[in-house]
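Chain lettering (A, B and C) follows the sequence in which the chains are written, and residue indices restart at 1 in each chain.
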Amino acid sequence: MSLAHDDRDNLYPGHLGCPGCGEVIGLKLVLQAVGKQAIAVVIPGCIGIVIGPYPFSTFKIPFFHAAFETAAATAAGISNALLAKGDEETIVVALAGDGGTADIGIQSLSGAADRDENIIYCCFDNEAYMNTGIQVSSATPQLAWTMTTPLGKPGRKKNMVEIMAAHHIPYVATACSCFPDDLRRKITEAKQIKGTKYIHILSPCPTGWRFPERLTPNIGRLAVETKYFPLYEIRNGREVRITHKPKDLPVEDYLSAQGRFKHLTKDDLDRIKKEIDRNWDELKRREDQSSHS
Amino acid sequence: MALPSRSSPNIHDFFSAVSFRDSLAFKTGSQRSERPIFTNKVSRCRQACPIGIDIPAAFHKASKGEFDEALKIYLQENPLPGICGRVCYHPCELDCNRKDFDDSVNIRSFERFLSDHARADMRNEVPIHSKKEKIAVIGSGPAGLSASYHLARSGYSVCLFEARREIGGMLRYGIPSYRLPRTILDREIERILSLGIETYLNADIGKDSRWNGFESFDAVFISTGLQLGKMLLEKEASKDFILTGLDFLANPQEYGLEKGKILIIGGGNVAIGVARTLIRLRRGRGKEITLVCPESRDQMPALPEEIREALEEGITILNGWAPQKLHQRKGKRLAVEFCRAEVERDEATGRVRIIPVGKETQKHFADKIIVAIGQTARPFQLSENISIKEDGIATDRFGRTSLPKFFVGGDMIGGKAFVADAIASGKMGALAISCFLEGKDVEAEFQRHQFGDRPSFSFEHFIAPDEKNWTDFKKVVSFDQMNTLFFYESPRNNPDRLEAAERIRTFEEVNSGLTSRQVEDEISRCFKCGTCIDCENCLDFCPDLSILKDARLGLYGFDEDHCKGCGICSVACPRNVVEMVIEKNENVLDR
Amino acid sequence: MFLTGNHAAAYGARLSRPKVIAAYPITPQSPIYEKLSEWDGKGELGGRMMRVESEHSAMAACISASLTGVRTFTATASQGLVLMHELLHFASGMRAPVVMVNVNRALGSPWSFWSEQTDSLSQRDTGWLQFYVADNQEALDTVIQAYKIAETISLPAIVVLEAFYTSHFMEPVEVPDQNKVDGFLPPFEPPFKLDPNHPAGFCQTVTQNEYKKFRLNRQIAMENAVEVVESVDKEYEEQFGRGYGLFETYRLEDAEIVLVTAGTIGSTARVTIDGLREKGKKVGMLRIRLFRPFPKAKLVESLRHAKKIAVIDRNISLGQEGIFCEELKSVLYSRVRDIPVFGFVLGLGGTNVGPSHIEKVFSMTEKMEQAPIHPIIELEGENVSGT
């Protein structure tokens, strides 16, 4: 019997991420789909640890661990350098967290998208600044506990997906690290397109969301199946396509499994349910409109 | 590495942080407190099946388009899938984990589809006549056929003796052809006999000239069944007017029952079979057929689908009446008086007690009466030391008798009287005989190949132990061990049946089976509980890239150096193949 | 050609054939960006121009493009430069030889558009080479030289012009022939680059000892860079007929009072010194050109004979003094203790430093025995705090 690692892997084992990390699952899947002819940009965050300490790298492709707010600009610089050298094959992929995307990095991301730079930008959304110890970010969902919002975040989650769609870049998609084939397909799709591609990947975090580490697959599946985090694509800012038909499970199943939501009242739940239904109806309406125009 | 000197502008060491080495040296598994183990387990359907067919493995093969391989998996335990796929009472479906999710999988229809459309030639797979021993099998019903098949594929020479004109026993003489077409039956039998089994028809043991006595065999398997229908009221009427259901079904044309009012007494499959056969003999005119039994509708031993189809066909069924008296007057019809009754059934022994209730009575008139209230064995003296009594022969649970080389199986040894159970009993006989001839302990062997705590076991595992050895037969996967987040609801597919008005005019098969599109659907509905299907969820979900695979053998393991023991693989596996156990490796630090 | 300083710098960049230019407009740099855009529009640049959304992103893109193995260029001023501050450290640490033109402009607050050197000087700790030019020709030539120097020692370089005095004033400038520049500047070949054929991780976390060694490597590289600057300048002089040296000296050999300054004040000083010499004053000037690394040994050697040194800074490190003065004092201190240095902070906010001001500087220096502890911010007869 000769047991071997998955030969699709574009990462080496031996990283210092938390056991049960949902973000690293997504990273692994993205890199599988991206392949070997690629250069990655990484910024401070959980992935900044997963890359390993000098002189050891967990990546099988080259990467540059750039300054926090510069993921998109750094990726754009590499992309233009490659084009200037006549290289149209090498993929440039930015691997950023939600803080580095929606907060401090939003300017450079918007700038790159505005210029339609030829990069694949992946936002690994674990819904807070997890690497520095669970502090709130604009991607933290409303009412969630974090170390800096101990009573729950008062404001809502910033909708980066719609912000990016408003740039009318060729491809925007949501994905979840617990839907591997869907995520890989979306990266493969992005590779075929020229211009800025933005993939928003929900990454369950046992450490910050407060659930037992082995349940990461369930938390990710529930997020999507309860319609809390729908999986869909938007092309050129207008054509919406839902890529997974959810089972429509009750959202309590998703929320009650996480310690960061354990203080939610019944009123909170009702409000959340109403909002989820409204968002889903609107998404379906946009999808219908897209298929008719 | 040292810094460059001030005198030279060449800069090499510590130029800038660029890394060329990989991270494998970081043994992130050193703090692990649990480790994953990969073991196939038994599904509930397999455990419930008396024959112990590896149902998930067959579905898995079929899901890859390998229908012939799927049929082979069935044939590893059950030589008669075409029959079970039509008439089995499907205890597999009653225990199917999917029924707690949306609806059970149509496993029986799948078995039928395989046997009807796939090909498997067992002759190439088994060592025919490789052993020197010779075994006699007496009685060619499902038990005898099963025993013959399993013994022949083990390499033994088998002589199959049948008293009647044709092979099949109850399969031919007890199950009507609208349920089990004779072409199918013949095909299934031929598959068994093709393994080099010698058959002797019209053979009356003891009297037959071809019989050389039990000494010419190394072992004998007796499965003559319960061939006699129990009679009732016979003292009160002549044989021209009253017969047993079994006698009727063995030769429906013989009794001139195409006309006249018929009263059927009994609530089991034989009684229903008689009624539905009669209506077909009469090309659909069912008005003069009445079935009366003491059981309530729910208590009737006949399969619910049989009862439903009979009612659709216009058969009158009266429940809760027990026959008391019979009057026969010259020139006039028979009159049977019934009283109100209740039935008490002992689930363990299957024994039934009929209790008259109250004073209400009913009288029914009939030209002929058919009685189908149970069966007994034909008493028979096989030899000096061994005789079959009305209630069969005493055996232990492996079919062994007090005489070392005599084994018994089938309806005769009591217990459930379904086809699947008879086939299982024949398999048990083959196991007992093999152990007897090879000097093995049948108790120990049975335990090794048994599923959970049920009477079913794997004969395939007995003759070809799993080299990969990663199925744990003692672990059965329950519904709450499945991760249903990975499955999506979809309705069960049911086969079409002929319209009642049409079908009662012929003996054409009522159930048309599933279409291939429907079968594809059922194949994907099957969860394949406890059987690894290479879905690779474990590989996809492992955050530490620590699941290992042997692609050629389809086996899995984990990277001891790097697995952190987070347990995600055990949750990501939808079918409970991966479990976490306490890490005992001393090289791993204690928490 | 009759060119502004901005356009001269743009020519310097164009001739050096950068493959990626990332820029963002800011007064008074915008004409550099516009000129490059005009050439890019005509297809004359032969690279990729990134019209980014902030200077911070401009530097980020230049760093990563440089690490991908292509020559890069950007230009900025004042707010833009200090917005890049974090990334200036980054570029130097990754040994990315980016060349940037900075047009000195006073930093807000309050808002001002005119010349002051505090913006670039406040970046002196970032590990970039710094060149301060006095005129448009020097600007063009220094940009080309900077590429060769930066790519030799693998450290980034900044070429500093002055708002309006250099950037917008037109002067005759000789634009070298492209082929000659190609002969002078070989293609960029870094020792490491982001390359899927040779995968490596760039810029991970290091240990304390490793960090120290990476930093010291750069210090040593900087120390050795002085030689490289000199030799490149010599080579340039041989090929193009113009050389500038590590610093400019003007009538320094027998000067008793030496003025040390940088930028356009230096060119005004030449006229002033000529006037004073005619009156019999033994005065001279040393105009700082290479500031980082500071050519310490040569500076000490050149100034050793002076009796007094006056420094005019068009900048200030608040709470301390003019930065060139402070740096000069620290260079002298290790070898020379007996030359008093008189620090003058003039021209802040772009105020004019004309010949009369410089004359006053010389006369005040001559008169004073001891240098005051605080920088001199008021010339005789001036009322700075008034109008």
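Keep in mind that, in the parts below, a residue touches a chain if its C-beta (ideal position, glycine included) is under 8 Å from a C-beta of that chain, and two chains touch if they have at least 3 such contacts.
Keep in mind it's a predicted model, so treat the numbers as computed, not measured.
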What chain lies farthest away from chain B once each centre is taken as the mean of the Cα atoms?
-> C
Nearest chain to the global Cα centroid?
-> A
Decide which interface, A-C or B-C, involves more C-beta pairs in contact, and give its chain pair.
-> A-C
If you average the CA atoms of chain A and of chain B, how far apart do the two points sit, in angstrom?
-> 49
Round to the nearest whole Å and give the separation of the Cα centres of chain B and chain C.
-> 90
Cα centroid separation, chain A vs chain C, in Å, comes to 43
What are the residue numbers in chain A that touch two or more other chains?
-> 52, 54-57
Quick one: which residues in chain B touch 2 or more of the other chains?
-> 17-20
Interface hub residues of chain C, defined as touching at least two other chains | 200-204, 206, 210
Can you name the residues of chain B that touch chain C in the complex?
-> 1, 3-9, 11, 13-20
Which positions of chain C touch chain B when the two form their complex?
-> 93-95, 152-154, 191-192, 200-204, 206, 210, 213-214, 216-217, 220-221, 223-225, 227-228
Touching chain B in the complex: which residues of chain A?
-> 1-6, 9, 11-17, 19-22, 24-25, 28-29, 52, 54-58, 178, 180, 213-218, 221-222, 225, 247
What part of chain A is in contact with chain C in the complex they form?
-> 36-39, 41, 48-49, 51-57, 59-67, 69-70, 72-78, 80-85, 90, 107-108, 110-112, 114-115, 117
What part of chain B is in contact with chain A in the complex they form?
-> 17-28, 483, 485-486, 488-489, 537, 539-553, 555-557, 559, 561-562, 564-568, 570-572, 580
